[in-house]
Every structure is written in C-alpha cells, then in structure tokens.
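Next come two complexes, and both contain chain A; in the first it sits with chain B, in the second with chain C.
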Partner chain A sequence: MSLYSLQFVLFLLAALAAYFAVGRFAGRGQWVVLLVASMGFYFACGWQNLFFILFTALTTWLVGLALSRLDQASKEARDQAADRAQKKALKAQFQRRKWLVLLAALVVNFAVLGYVKYWNTLLGFLGAQDTFLASKLLLPLGISFYTFMSVGYVIDCYNGKFPPERNFARYLLFVSYFPQLIQGPINRFDDMVTQLYERHSFDMQNARSALLLIGFGLLKKYAIADVLASIISNSLDTIDTGTPGSVIVFGILLYTIQQYGDFSGGIDMVRGVSQLFGIQMADNFRQPYFATSLADFWRRWHITLGTWMRDYVFYPLAVRPSLLKLNKWGTAHLGKHVGRTLSACIGNVVVFLLVGLWHGAEVHYVLWGLYNGVVIAASDMLRPAFAGLSRVLHVNVDSAGYRVFAILRTFALVNVGRYFDRLADSGDLMLAFKNTIVNFNPGSFMSYLHMHPTTNFTACMALAFVGCIIVFCVSVARERGVDANARILAAPAPLRFALYGLVMAMVGLSFSVGATGGGFLYANF
Partner chain B sequence: MDDITYEDVVELLQDVEEDIDYDTVTDLVDGKHLDSFDIIAIINAISDEFDITVSAKDIVPENFNSARAIHSLVVRLAQED
Partner chain C sequence: MPTSSATCTKRSFAPAAKLLVALVFLTLVNAAMSFAFEPYGSKSQLVWTDYTAQEQLDTVVVGSSVMQHALNPDVFDEAAGAVSYNMSTPMQTLIESFVGIRTAYEDHGITRAVLSLTPEVMNWTTDRPNPGSVFLTQRAKVVGPLEAAKTWSYVTFDKGGVTGPNSLNCFLPWVSNHTPAKPNRVLKNIKMKLDGTSMYKASEVNEPGWIYRGRGCGNRDSVLDYDSDEARTNFDRADISKVNVRSEAMLREIAAWCQERGIDLVAVGVPMPVYDVLGRFDQYCKLQDRIAAICSDAGVDYYDFNLVRPELMQIPPESFCDYAHLGNQGSIAFSQALGRLLVERDKGEDVRALFFSPDEYRASIGYISAVFVDVGSQADGVHVHARAFAGSQVKVSYQLCEKDGDGWREVATWQDSPDFVYAPASHGTCKLRVNVRVAGSSEPFEHYREFTAVY
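Presenting the complex of A and B:
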C-alpha cells in the first residue's frame, strides 16, 4: 500500500475515525486502534513481512525483560555481599552476563537484517547469485528502520536508560507504528512511549498543521523529486567517454535536489500523518543544504540515523580504553590536538563505513561512506591548521560572507559524494570523475541534452525550479528560527488558499508531466 | 574523591575549547557549542587528567551541558572507581 494511493487515504481516514471515536467514547485504548491499523497496514504490504517484524519485536522485547531481571538479580546479590570487593566482583559477573544477552540480541537481529538485505549481494561478489544459495525473499518493508529502533531499545535497556516495556502488545506498537515503517524516522522508545499510549483528542489546529506538513511533503516529493527523475536518468545512466562533464555535473546537481525532495518530502508526509493522530515523530532534516561543513551536513540530514550511529556506535567505540590509549600515543608523537581527536576520527570513519553499508553492500556505497568519514575526520584533524591559515590570511570566519562561502563549499563536497551514491558501476564512476575534470565541455551541454531528449523537459525543469524556490524560502525562514507552518496558518485566508491552490496545482501538474509514482528512494533501505 | 575541583574541570575544558564561557553556558550540547568530537576530546582529557573511565552510557546531554554537570560527573565516577 503506497502513501499516494486512494487505498492509503481510505485506510487513513478509517483509522483516524476509529482512533478518535475510541478516544471519545471509551476514553482509553486508542493505542490498540493504532496497533490494529499498523498490523493491517503491514499485512496489506505483504503478509510475509509480518513474520520478520514479529520476530524482531519478540526477541528484543524478551531481551529487554531479561536485562531488567539481571539488573534486579545483580542488585539483590550485591545487597547480600560481605564486603566491597565481593560487591565489585558480583557487579562485574552480572555485567558480563548482561553483555552476553545483549550480544545475542544484536547478533540475531543483525543476522536477520544482514540475510535479507546483503546476502544476495555477497553471493554476487562470489559469482553465486544464481545458485540455490540465493535468497528469494523480498526485503521486508522498513526492516532496517525497525531493526535499528528495536536494537536501540535493547541497548538503552542494557544501559538502564529506562525500565523495559512489560506489555508485548504495547512494545509491538512502538516497533510497528505504521507511519514510520516506510522510510523512518528511526524513533527512540523514550521519545515515543508517552505519546503512543496517552489519550489524544481531535484538535483542528493540530490537524491543519499536519495537513500543511503533508502538503509540503507532497510538493517536495512530486513537484520536485519525481519530475527530475527522467532528466537525471538521461544525464547519468549512459555515461561514456563522450558524455560531457557539464552534463554529469548537471545530473548530479539534480540528483542532489531529487534526494532531498524525495526523502525529506516523504518524511514530511509520514510525520504529518502521525501528527494527525496527535503523535510527533522525530524530525529527520534541518535545512541540510545550509550546512557549513560536511559534519554539520550530517547533523542536519537523516538526523535520526546520525544520532543512532553517534549514540550506539561512535561513542562506545571512541571511548574504548584501547582507542584512548591510542590517543595517548598520538599526543606523545603527533601533538596534543591529533592525540585528542585520533579515537574520534577512527570512530567517525567506522560510523560512515556503516552508514554506507546501511544503504547497501555494493562497493559504491562503501566508497561513499568512506568518502564522508575521511573528509570529516581529516577536517577535524586539520582544524588547528585551518584556524591558523584563517588568521594568516585575515579571514573573518564569523562574517556573513565566510558563512556563504562555507555553505557553498559544503554543498560542493556533498555533490562530490553524490557521485559515489548515484553511480553504482565503478567504471561509470571513474569515467564520470574523469569527464568532470578533463572533459567538462560546456559547449556540448545543450547538444547532448537534445540528443538524449526527455519528455516534457522544460515543463519538468520549470516545475522543479518553482518548487525549489518555495522550499528555499521556507528553509531560509526556518534557518532564521521562524515557524513557517505557524506563519502560513496565521496568514489571511485568501493568501493561504492561494498558496494551497498553487501547491496542489503543482502536484497535479507533476502527475501529468513527470514520471511520478515510483515510490520512495529510501523505502529500499 | 573531593579533591577534583570545579576550577580543575573548567581549566581542562578551556584546553579543549577555549571560546566558551563555562561559568555561564548551560547548554553546551543542546546549544551545539560542543560537537561529538569535542565530547570525545573532553573524555580523553578527563581520562588523562583524573585517571577516570567515562563509559558510553554516561555520554548524555545532561552530563555535558555545563561545566558544573561535567564536574559532578567526574566526581561521581571518581567515587565509583
């Protein structure tokens, strides 16, 4: 069931009606409506998917309870201990048991994810993709997202961040809540727990705000991302030695726009859908193309994956005693700054390697992850050198001009990364870089596009251009701390309805000029 | 271990990131004054200076949002060790 289908709209209306009716007449139990709707949604997307999500939910729920029991047993045992030394030994003993239980949960759940997501790609590397070993399973909807959410829950239980959920049905709702299943965000249990189970009454102001968010998402997805799809394909899908670098750069720039429109548009839609139920899901984007460094970009793009990686991979890795020892070595041999950042740099490269693998096991994703990790690590390692250079050149890094320069520099770095992301074939990738540098050839730009025509090229570009202007204006307002949604909702009715009309007309037009309806790029991850 | 003073911690923090007024800023993490690399540099300095182990579960904004919170964390961990 796709988000843009009539089927989904009817499903949503029925779920909302049942949800608010139960809230009004029964006064409690709205979460049960959400659970039934989520299971129904998942069943409609393929009943086989249910097996996987139930397995993940059950194993992680049981492990959460087991960790809590071990904590309790540890406390009781330590209360009986004769002295401090015995208490310490008991603590270490129970900590080891907890670690083994956690490890089992991680291995089991990542093994399932690894099998359905990477197994066939790995067989492909070995030339065995057509053998009996190949998996016939389709990637279950949202498995990366709900696996990461569930694993995050288990690690938080391990760290004693919150007590485990004792009711399996309630926990299952956290894992399977349908708005987050298509492409995230990767919600945290402690952010969702109260919202999912408390009573929500229908609130017209909240519904208007949610519909506006959905409308903004529709604009980004259909009037920007989808209308550019064919032009991007024509620019990047048949790269040879004669493809001008200018066309490749054009295609990559459009791909950068398409990625943002598709992913953030989809997130706006699902966050809007969730808001209709009175539940605020985590935001995944904060004007990423206004970032002033690549590290800053990753704090604004796919935020929930970034914070998941930071909390559950980066910090645990970077503060490991072995890496901190490496820092000491670095301080002694390479200077204070390098010494203090060495473990962070290594942790960062590992994180981005995993982010690359999260998108797929193909080589280009690994390269893309490494590119991001190495650039960020190197820029931090060289921070004192850059600061010194700025002082020598008398550059005011706090000026507006420098900020614009930093935004443009970051945008360029992001676009270089998009080469790795978009061009799956290593030969194409190398050729694309080569042509960009030695065969830019802007004079052949128009003739190449004429030779590789795209249906409704001008209309698609014009639509995306107007869409980008609207998104840019909203982004500037948000970057300045203005609540753009609230401003629009408070605007005079004629202005508001003109804006709604424009957005709807653009979305409607996109269906007639562009290749729409191709699903979401991130739904495949 | 009460010989680790607030001033010791501030001195250590200034060594990592000097352009912050640690006596007044109380949103070091939430206000994005410190990023994750700075946090690791601080933990590294704490480990070096006070011979204390900071584990990943201690890395939450509440423990790093102000110099006072970091001092409390260091004192607590020193006592636990």
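Presenting the complex of A and C:
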C-alpha cells in the first residue's frame, strides 16, 4: 500500500477515527484497533505474507515465554539446592538450556529471513537460479525490520532486560505495527510497550506536529529523491570506458542526496503517521551529513540498525574471551592503544560486514560493508597518529574550520562508499573508480548528459536544489539544538501557511516533472 | 467578560475554524497553481469543448494521440457516410476510451465506435488508472459535477485507481496536466488565459506546427526527418510482445458493453513508421497476434493498418509528421481508407484480403526506412553498432565517418557488417556518422545517423 495514495489516506483516516472513538467511548482497547489496522495493512500489501509475520511473532513470543519459564525454574531449583556448588551447577545448566532455546529462535528466524532474502541470490552464484530449487516467493514486506525487532526482543528477554509479554495479541502488535513495516525503524520492545498499549486522546498540537513531519517527509521523498532518480540512472546505469569521471561523481553525489531524501523522508512520514496515533517511534536519522567521522556518520544514519548491531552483535563480540585475549596480546606486542582497540576494530569490521549482508547478498554490498568497517577500524587504530600529525602541523582540532573540514572529509568518505552501494556490477564499479581518477574529463560532462538526456532535467535539478536548501536549513537548526518543528508551528500564520503552500506546490511539481511515486529504496529489505 | 460556556464554545470551534482556514488557503494555492500551470488550449480541452457543440453523431473515434492525428472526421465521414467525432487525446488509456464511448452513447446514441489499439496502450504495464488524467479532468468541466463524480468513483474504486499517487494528485489537476516546466512557457500560458486568446489559437501556440483540423482531429503538415533524432522510437528498450492483463480485461469490458447496446465496435491499428514496425518485428507480430485473438474472442473486428495493402491505402515514408504520428496527408489517406473499409465491410465483403500477412508485409518494403546506432566506449575505442531497418529482401551497406571541419571524413569504408570500432587519438568527444545504402547502390547514401561519442 503506497503511502502517497488515496487508499492509504482513507485507511489512515478510518484507523484514526476508530482509534480515538474507542479511546473516548470505551476508555481502553485502542491497541486492538491498531492491531486490526496493522493486520489489515499487511493483508492489503499481500495476504500471503501474513504467514511469515505470524510465524516470526509466534516463535519469538513463545521463546520469550520459554526463557522466562526457564528463569523461574532455575530460581526454584536453586532455592532447593543444598549448597553453593550445586546452585552454581544448576545455574550453569539452566543458562545452557536458555542459550539453546535462544539459539533455536535465532536459527529459525534468521533461516526464514535468509531463505526469502538470500536463497535465490545464492542459487545465482551457483548457476542454479533457473532450476526447481529457485524460490518464487516475493520478499515479504518489512521482513528484515520485524525479524530484527523480534530477535532483539528475544535477546533482551534472554538477558532479563524485561519480562516477556504474556499476551500474544499485544506482542503481535509490537511486531506488526503498520507504520514501521514499510522501512523501519527497528523499534525496541521496551521503547514501545507502554506507548502501544496506553490510552491516547486526540491532541491537536500533536496532530499538527505530526502533519508537519509528514509534509517534511513528502518534500524529501518526492521533491528531492524521486526527481533525481532518472538523472542518477542516466549518469550511472551505462558506465563504459568513455563515461567521464565527472559524470560519475555527479551521479554519485546525487545518489547520496537521493538516499537521504528517500530513506529519511520515508521515515519522517511513517514517524508522523505513528505520531498521529500518539506513538513516538525511534528516530532513525540525526543530520548524518554533518558527521565529522565515518563512525559518527553511522551513529546518525539508520540509527536503529546501528544501535541494534551495537547491542546485539558488537558488544557481545567485543567481550568474547578470545577477543579479550587478542587485546592482551596486542597490548604486549603492539602497544597500549592497539591493544585497547583491537577487539573493537574486529567488531566493527564484522558488524559492517553484516550490515552489508543485511542490505543484500550481492558482492557489492559485502564490499560496501567491508569498506565502512575497515575505514572505521583503521581510523580508530590510527587515531594517535592523526593526533600526532595535528600537533606537528599545529592544527586546532577544536576550531570551526577543522569541524567543517572534518564534515567535508566524512562526506567524501561516505560518497566513496556509495560507489559500492550503487554500482551493482563489479566491472562497472572498477571502471567507475578508474574513470573518476584517470578520466575525470570535465570537458565532456555536458556532452555526456546531452547524450543521455533526462526529461525536465533543469526543472528536476531546480526542484531538488530548493528542497535541499530547505532540508539544509532545518538540519542546521536541529544540529544547533533548535526544535525546528516547534519553531514552525509557533511562527506567524502567514509564514506557516506560505510554508505549507510551498511544500504542497513542490510535492505536486515533483510529480509534474519526474517523480513517479514509486516505492522506497529501503522498502525491499 | 465572556461566560464560561461561550469560552467553551469558542474553544471547541477554534480548531475547526483553523482547519477550515488552512483548507481554504490550500485550495487557493491549488487554484493558483492550476491557473498558472494547466495549459490553456490543451488537446483534451479542445476535444471536450468542441464535443459539446456536436448536435448529431453516429460514430465516435477513441484512442491516443496517434488516432487524434490520424482520423480526420470530415474525410472519414465523406468516405463512410457517417457523422463522426474524433474523441482521441494524447496518452488516452482504454478506460478513458471507454468513458468516451459511454459519453457519446449516452449523449447521442452512437451506433459505431472506432477504437485505436496501439502497442503503448496494449503493452505498457504501468497503465494504472489515473482518476485525475487530463481527459477526465477536461471532461469533468463539460459534463457537470455529478457525472464527473460518478466517473471519478468508477476509475478510482472500480478500476483500482485508488492505489497509486494519481489518486491523490487528481485533487491537484495541474500535476497531470501542465505546461512544460519552463518559466517562459508558464508565463505565456498565464498571458493567453488573461488576454482573450482563443482556445484554438492557444493550442497552436502550445505546439507550434500542430494544426487543429476540427471535430477533435489535429495534426501537422510537416514531414518526419528520418535521419535526425526526430526519428526515434518508444519501444527501443521495452518488450512489446505481450498484452498487459489490465488492458485485456478493459478491452473485453468495452466489447461486452458495446455488444449489449448494439454498438458496432471496430478496433484499429494506426500506421507507424516502418522502422518502428521492423525494429521489433517478432515482438510486434506476437503482440498483434495476441490483440487479434482477444478481439476475435470478444467479437470485435480488428484491422492493423500497418499491414494494409496498397490497394486500400498507400503509406509512403512522408506520411508521417513525427516518430509516431501521421501528418495531414497521411491522415487524409488513412481516413479515406478506413471509411472505404467500413463501407465494404458493411456490405459483407471480405475486407481481410486487403491486408498483408506479416511476412508479405516485410517483403513488400523495398527500401531502408531509417538507421539507428548503439554506441559504447571500450578500452580499444568507440564501438558502434548500426541498426538499419529495411524489408526482408533488402541488403544494406554501412559506412562510418567522422566530422572533419564542415564535412565528413570516412573512417571505415562501405561494408556489409553493421559493427565498427573506432579509436580516437585521445579521450574526449568525437562526432561520428553512419551512412547506409542498399548494397550495390551508387547513391552516396540513402539514410544516415549522426551522433556524438565520448571516449
């Protein structure tokens, strides 16, 4: 179900009306309306996929209960134990059982995700994509997102972070809450549990803020990302020896803008939709292009995936005895700094390799993940060397100028990574890097674009430019700690209305000049 | 001092009043955008405005721009003895054609509908119904709000238009229907709306060279230049061999609806430039076979005028004014031919004999229609693959030249192979040209294509 459609608007209005009516007249049970709406949404997006989400929800819910039962059994057994040694043995025994249950949950759920997401790609590597082994299943909507959310829930239950949800229907709502199904964010159970089930009354101020967020998302998605799509395709889809590096750099820069506009715009829209129900979903972006290092970028971009990886992969990995032993070895042989960062570096490389695989099983995603992991690991490892260099060159790393330099440096590093992300064919990728370096050829820039014409090129670029200026201004304000939404809502009516009119005009114009209203780049994850 | 109940009332009405003000404001912005961007004198506006002036009709012609260019009702009526109106509009979908037929039936009780079936209409799967299309928006202005709402509801809810972005954009009419996104065109559009320019004049200003012939038909006097980029194709990258499910269902629905009302539905394929037919000939034939099978199954006669024999209609290359449309001369020939065909058909004659089979058609083309080129750069130079479109009996020779001052320098002599590799001295751009002629011909060339290569 497309967010930008009458179907979704009618669905949303009906859900909101039912939600607040139930809240007002029944006083409780609003979450049931959300559950029905979420199931309805998922059904409308392809009823066959209901099986997958129900399977994931059911298995992880049961595992949460089983882990809790094992905790209880362990406690009871230990209470009856004769001595400390027996208690310790019992604890270890139950811990092992819990671990096996957790492992089973992880294997089953990641196997389902792996099958629908990677099986055909794997067969492609083996040259068997046209055999009977090939899966005809389409990727169920949001499966990566809800699988990660469910697995996070199970791991948190395993770690005793919170008691498991005993009501399956309530848990199913957490997994299937419709605004998060399209492209995330990857919400956490403890962040959502109270909000999803508590009573919410209609609040005009909240609704205005939510609508503003939706409008901002529409602007980013349609007036920036979508209008650039054809220009990017024409710049990057037919790379050969003659494609000037200048065109490739241009295409990659636009792709960087498109990615942000599409993904963060979509997230703004779904967060706004959720906010209409009074439910705040996790934020996924914090002005990522103002990051001063690649590590900082990943703390600002797709935040919920980053924190998921940090909590459930990086930390457990970094404290593995084998890696701690490696740290000790590093300290002894390579110095204190290396020893301290060695496990973190390995953890980063592994995490980003997984992030790459999360995007897809294709080689270019793996390379993209490795690129990010290796650059972050190397910058960690070489931090003392950089600090020394700054001292030698008398660079004031606290100055505004250095901050701007760091932002631009990070932006360049991110853009290099986009080559891996955008160019799926390894040959094209190598050729693109080669042409960028040895055949930049700015003189042929315009000729090439004329040979690969884009309808309404100037209008698309102008629209995206104005959109970027608006996004930049809002981002600067947010970076300075200003609540841009609140400021706009408090602005004089003529100014506000002018802004609303501008957003409406820009979104409409985007469809006039090139936007197709296609899906989101992250919708197929 | 206001009383507490007055304060309470004020409080409860305040949000509604604010919402109302916001809606009024957005409506005004929408109206202003429509005024600025909705083109004055669009082809759909002409068609619907002129339609309201028709007093009597027995035949309606529907389809996309190819039919709007192709069928001149004055010429057709004379040949067929009919009173017709051409309701074709650019990018008209089958749903819109159906709405057109229904409107003409309800208004005039028409007895015949001529429906144009182009590869675009039948094959393109992106044909999601657009409740805010130009055709429907302009129709809404002449049929009244109730009828417009009924049609909107039909397209939106019955035909699945509710799922796409157009389901919202239909409330912003300037999104689907707008002048080219250039400031001078927008200003000109506003000016024409304000200074009393007639709708007919405006339509010719919007598209210089396009002439409104009346009763819905419009086309050009100019002739397609087969050696320039004007000679392009819509189907270069698309697989046009299949009929999309939505179009098939719609065609069957139209056929059944017409049968129930005793309307003689005739489906027609309008001629395209020869290179466009030959360029994807196998796919084209598969598509035509499928269209013919669906029509036959639905009880509709289908005639593909690309395959028409010269006895009924001559289609010389200069019949076309651009890459897809017949010019005025071609339109006159087509309108006469279609009129004659229907007269013969009404008499019960075997009119199928007036059409070639696909193989006969290909053999009947004794010339090169045009040449296209595919260009790519590799380490050893610029790779050029020329595609010349000619009949099955025609052998083609190729030559590659490079721009040299004001002239062209041969860099690869005449050869049978359409492939060339040319290595420029250094990276940069070079201007090249492929010449083609029938093998053994003494002509310097018959067709050519110039292009820039970046190496």
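One rule holds in what follows: the second predicted complex is superposed on the first by the 524 of 525 C-alpha atoms of A that agree within 3 Å, B and C clash if a C-alpha of one lies under 4 Å from a C-alpha of the other, contacts with A are read in each partner's own complex, and residues count from 1 in each chain.
One rule holds in what follows: contacts are C-beta pairs under 8 Å (C-beta built on N, C-alpha and C of every residue); 3 or more make two chains touch, one makes a residue touch a chain.
Quick caveat, the model's predicted, so the values are computed rather than measured.
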Which superposed partner A:Y500 touches (first chain B, second chain C, both, neither): second
Superposed model, chain A: greater residue contact from chain B or chain C: C
Which of chain B and chain C A:Y448 touches, first, second, both or neither: second
Chain B versus chain C as contact partner of A:S2, first or second or both or neither: second
Partner chain in contact with A:G347 - chain B first, chain C second, else both or neither: first
First, second, both or neither for A:P316, with chain B first and chain C second: first
Touched partner set for A:D191, first chain B, second chain C, both or neither: neither
Touched partner set for A:D203, first chain B, second chain C, both or neither: neither
Touching partner for A:K328 - first (chain B), second (chain C), both, neither: first
Contact residues of chain A, present in both the chain B and the chain C interface: none
Of all residues in chain C, those that touch chain A in their complex: 15, 22, 25-26, 29-30, 33, 37, 156, 162-169, 172, 174-176, 178, 181-182, 376-379, 382, 427-429, 451-455
Chain C contact footprint on chain A (complex, rising order): 1-2, 4-7, 9-10, 204, 238, 240-244, 439, 441, 443-444, 447-448, 450-451, 456, 458-459, 497, 500-501, 504-505, 508-509, 511-513, 515-517
For the chain B and chain A complex, residues of the former touching the latter: 16, 35-37, 39-41, 43-45, 47-48, 53-57, 59
List of chain A residues in touch with chain B within their complex: 159-161, 295, 299, 310-311, 314-316, 318-319, 321, 324, 327-328, 331, 339-341, 343-344, 347-348, 380
